[in-house]
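Chain lettering (A, B, C and D) follows the sequence in which the chains are written, and residue indices restart at 1 in each chain.
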Amino acid sequence: MLRFVLIFNVVLLLWFVGEAKTNTDTIVSYGIFLLLTVLLGVMQLVMSRRRKQREDDIRTAWDLMWRKLRRNKSAMAGMWVVTALCYVAILAPFLVPVDPYNMDWGAMSLGPTAGHWLGTDEMGRDTLARTIYATRVAMGIGLLAVVLNSLLGTSLGLLAGYYGGKTDNIIMRLLEFWNSIPFILLAIALMAALGSGLFNLVLVVSLTGILEFARIIRGDSQLLKKADYVNAARVMGIPNRQILRRHILPNCLAPIIVMATLRIGETILTIAGLSFLGLGVQPPMPSLGSMLANGQQFLYENIYMSIVPGSVILLIVLAFNLFGDGLRDALDSRITQ
Amino acid sequence: MLNYAIRRLLLLIPLLIFVSLFVFAILKLTPGDPATALLGDQATEEAIALARAKYALDEPLPVQYVHMMANFFNGDLQSIFHKDNVLSVVLHRLPATLELGLLSLLIAVIVSIPVGIISAVKRNSFFDYASMSMAMFGVSIPVFFTGILLIYLFAVILKWLPASGYGGHFWTIEGLRHMILPALSLSFVLMASTTRLTRSAMLEVIHQDYIRTARAKGVSRFMVVMFHAFKNALIPIATNIGNQVARMFAGAVLTETVFAWPGVGRLAVNAIFRRDEPLVFGCVLLMAVVYVVINLLVDLLYGFLNPQISYD
Amino acid sequence: MPESCVLKVEDLQVYFPVKKGVLKRTVGHVKAVDGVSFELRRGETFGLVGESGCGKTTTGKAIVRLEPSFGGKIFCQGREITHLSPLEMLPLRSCMQMIFQDPYSSLNPRMTIADIIAEPIRFHRPEADVSAEVVEYMEMAGLRKEYLLRYPHEFSGGQRQRIGIARALACKPQIIIADEPVSALDVSIQSQIINLMKTLQRELGLSYLFIAHDLSVVKHISDRVGVMYLGSLVEVCETGELYRKPLHPYTKALFASVPIPDPRKRSEKVPLQGEIPSPLNAPPGCKFQTRCPHATDRCRSEAPKLECAGEEHQVACHYWRDIQE
Amino acid sequence: MRSTRALPSKGKILSSDLILEVKDLQTVFITEEGVVKGCNGVSYSLKKGETLAVVGESGSGKSVTAMSILRLIPEPPGKIVGGQILFDGIDLVQATEKQMRKIRGNQIAMIFQEPMTSLNPVLTVGRQIGESLQLHQPELGKAATRARVIELLELVGIPSAEQRINEFPHQLSGGMKQRVMIAMALACNPRVLIADEPTSALDVTIQAQILNLIRKLQQQLGMSVIMITHDLAVVAETADSVAVMYGGRIVEYGSVDEIFHQAKHPYLEGLKRSMPRLDVEEEELYTIEGMVPNPLKLPSGCPFRPRCPQVMDRCCEEPPAISFSETHYARCWLYAEGGTDA
């Protein structure tokens, strides 16, 4: 299956090589795409070499998970949409029919026309182009924020869960205090204070919901700490650091992946919310939230200005949630949304 | 039970100090100066100096902090923008937010718990798939997008309900008409996640041994679900609703912005934009208090439902 | 400490603090293990038996330092190890190993069998030929070579216990603490593991601390047996002697309660009434006085000490001579 | 795969003496990996006041048979696909849910293995016992029910019943909870009590008390008991007749004396010799080689074939039930007319 994706990537690379050098934006995204394809190729090599080494019918825990996941149709649908969205996000400059920033004075706030498939906004900018770029921004920030969030949540959760006692108390009390500040006001205040650049947005969004993440990982690591194979490792004299790395973390991986996937959806909703309030991504850079806020003013004339960004947010979040649910059942961890 | 509640309320004080210090730090960190924001750029030098003196913006930070905290509690912390003391401005707006929040919580709970139970009992039936896909839909849709869609449908096309604005308390007809759309859009998210949780909590409980014991006693399937299973499933459901309340605050702010609803959330957002520091201070503190009180109520409810919890 | 004694425990105490109130003040202690002393000799199997809550598993865990001990001393190969730092413990770690009760929680599901058994070898003896030794230990535990790259979820309970034993052997231990190794297995599988443990003991000269609640299994495998009740040792004796002539009233009642697999030997009377008291507030004096038919005021006030009642036979009861007749 | 010969014990005993008869019961579970034959043609009968022990290792189908009697098998994965269960002239397999509800807890009661999880944690003890009374004897008023519950608690030996009635399950010990379970089962004086491994999770001194209690109540109330266990010692202590199960089928059936002193089937023989005993000094434990059978891949013919020391070619076919006395038969080719042809 990985081979088909690999071939598809190479075809795309050749297809776009012509337009690659038009401007910095295209070069950067082309570079990232190339890097990803090479990475995929290396992974494919490693996987096939390892499979030849073992007899064919040995099933690792990941094979088991993949087999269960493949049976869940909605999760597969979610996965394919997520993959498609990644392609759109990375190759945005190549896919865009027209420059999202140029204003076509002749066609202001129109519905779908031949020139603009999804119509234009009040300043004549093409909605489809802006949506593609906005998806790129949303996905980029969303993934980055979730990675930060997961790292923070996991490490705090592991420390609190594994070491217990005072460290556990301190970390959990702090997180409870942190969680009791109404998030949205905190985000707004921080954005107003630090200025609403992309970096601040990622920072703020990644600081939310740490309590939930840490609490689940803490629960899991407490359970794992009592497992007999951890006791066996301790009796062998293996130091705590190595136990955490070789025994606790690999078995915490399943809940972390599920939590991260489910949180991507939530993070994208939060980013859209902030942009809706005019705080997240600042114009002229396109963002789904601000497009939707804009669309509300023109509800009576051109409904497409609200429907398109809204349904794109819905599509992204739905895809991630479906995929996350599928992963949760396949890895049968008991995290409830 | 009582001294547990009192102890939890005492915990509120360190929390308030933590929150207020944090918010105060952020506000002071923001570049620019509230006075110029109020009077605009052309204002003369002395007017700005006067305003700064009036709102004690020149004293050293710790003094300002203590000054602000003292004024907030004895009610005469002046809002820069609203020319009135912060406490009354916020309390004036509080009912709108609380009514909206409670109504949407009510709608969500009334709809989602029965739907969750039925889809757990009739697992993998058509009803189960339908309700679960609706719930998945509800969790993924942004609150403000549902708001805009509802406005478009009911206000723009059908013109049954007003597009925005507050028409009085919800027990008045006019008030209710205004409140239906925002309450519906806010409750849609809560409804979705509570349905999913009710279903998984019920499924978890239905496979327990004591359910099998109950059936072995000859209890009918309906009674086993409604009496034995549901009473146990209520514990995780109540805990989740408590967590959802935190999420509702974010949703409330967004819904109030979509429907131009005169609530505390929107007040705070505008206050931040207008650099009205005392007002921001007041709003955040108040919302933190409301949040902690709600959490305490959920914990007490949790203790009431689960006999194994003892209030030592 | 005589050379032949590989493990000695002196007056071991393991207390769990009970915390109450907002500030989590310690208001009392659960005395899980309250003054236990015994010896384990080279090549011997010492059986530790008792009902749930008697502290036998906690004793085992305290010896390998999985549980912090409140008081008392533990000697392994002549050296006191009670308060050694993890670094100082390292050389001694390979001398004492543990096998566990629940086969489904004793193996890391994410590691292959080869890695599980190789982990101790790579840690203690990195220079050794790891893959050869892994195969050797697997065969010693009765597992076929083909299972090397498989994962734990493909094995039955009995096989998982064999993997646990192979992992313990990989450290070349002298002592193995077996915490209810066969309780979770079916009878036909149980006897396979018991026989395996006995052959390994003969071949490698291992000493076992065999912890279990099944009296028949303990009788079959142990050379000497210690009976525990609510955290203390009430009787220690050579196996045959103990099962023929128990002295302590609790041991007598315990043996009488065990059902005999022969319909012609049915016993009608119920040997012991009442419930096991909670370790939170253990009764004063002798802990068995609340259920003992011979309890007197002396029993209720003064806790009896282990005293010698014959060659290799100790009992902790004030009136064990009078009850004899 | 119907058994080739009719059961010998059917004709002799007066049918009026029989209270419950299971005939060729087949219950299957449909799982993703395939169809699991929980119990595969099981037949036994229960006389009035008799204790029948159903003994077997994990996966032998002993619990599935019991749960099928009260139709407590969860419908989506499990299904009764064959056989009859005759009780009071009704075939429980075909009975309607309404009829079954009248029998469950009233005529046939059941107690389970895990006392820790078998009681509803949010309901008081009195409420849970009272519930089966109100279900089957609605004419009892509130006070009468409460009095009856206290009487039941004292019957099963729970001290200070008035105070215990308002307590929650988490406040009781394992032994106490099992006594509450028994009180709940005996509330309506059932004619049959099915005990699914009632003492496996308890300590040996508490187990002795519970087994003794069940025997005393059985004599006092004259009810029949089906005792399901994996421990042959418990069988010897409580049973009148015994059914030994393996791989979803009864491999040997007989009175308790015949089973313990004239065992015929190699599996039963092996089981008895591989059990350490308190009263006998044995040097080396006998071991049955191989592993417990995987219900998904049961071998054709005799399920014990892969582990049997005296396996023959004929064992590939279904072994007949060869009887040795009125009440004793075993399913094994060793004792067929052709004798051992290996």
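Note that a contact is a pair of C-beta atoms (placed from the backbone, for glycine too) under 8 Å apart; a residue touches a chain by one contact, two chains touch by 3 or more.
Since the model is a prediction, treat every value here as computed from it, not as a measurement.
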If you average the CA coordinates per chain, which chain's centre is most distant from that of chain A? D
Any chance you could check whether A-B or B-D wins on number of contacting C-beta pairs? A-B
Centroid of chain A to centroid of chain C, CA atoms only: how many Å? 50
For chain A versus chain B, what separation do you get between their C-alpha means, in angstrom? 26
Distance from the CA centroid of chain B to that of chain D, rounded to the nearest Å? 55
Residues of chain C that contact two or more other chains, please. none
Considering the complex alone, what residue numbers of chain A touch chain C? 54-55, 58-61, 64, 227-229, 231-239, 246-247, 250-251, 253
Show me the residue ranges of chain B that touch chain A in the complex, using the header's touch definition. 15, 18-19, 22-23, 26-27, 29-30, 136-137, 139-145, 148-149, 151-152, 156, 193, 196-197, 200-201, 236, 240, 243, 246, 249-250, 253-254, 257-258, 265, 268-269, 272-273, 275, 280, 283-284, 287-288, 291-292, 295
Which residues, counting only chain A, touch chain B once they are in their complex? 177, 179-186, 188-190, 192-194, 212, 265, 269-270, 272-273, 276-277, 292-293, 295-296, 299-300, 303, 306, 310-311, 313-314, 317-318, 321-322, 325, 336-337
For the complex, which residues does chain C have touching chain D? 51-52, 156, 158-159, 186-192, 194-195, 213-217, 219-220, 240, 243, 253-266, 270-273, 275-276
In the complex formed with chain A, which residues of chain C make contact? 61, 64, 66, 86, 89-90, 93-94, 96-98, 100-102, 105-111, 116, 119-120, 123-124, 146, 149-151, 153-154, 164, 167-168, 171
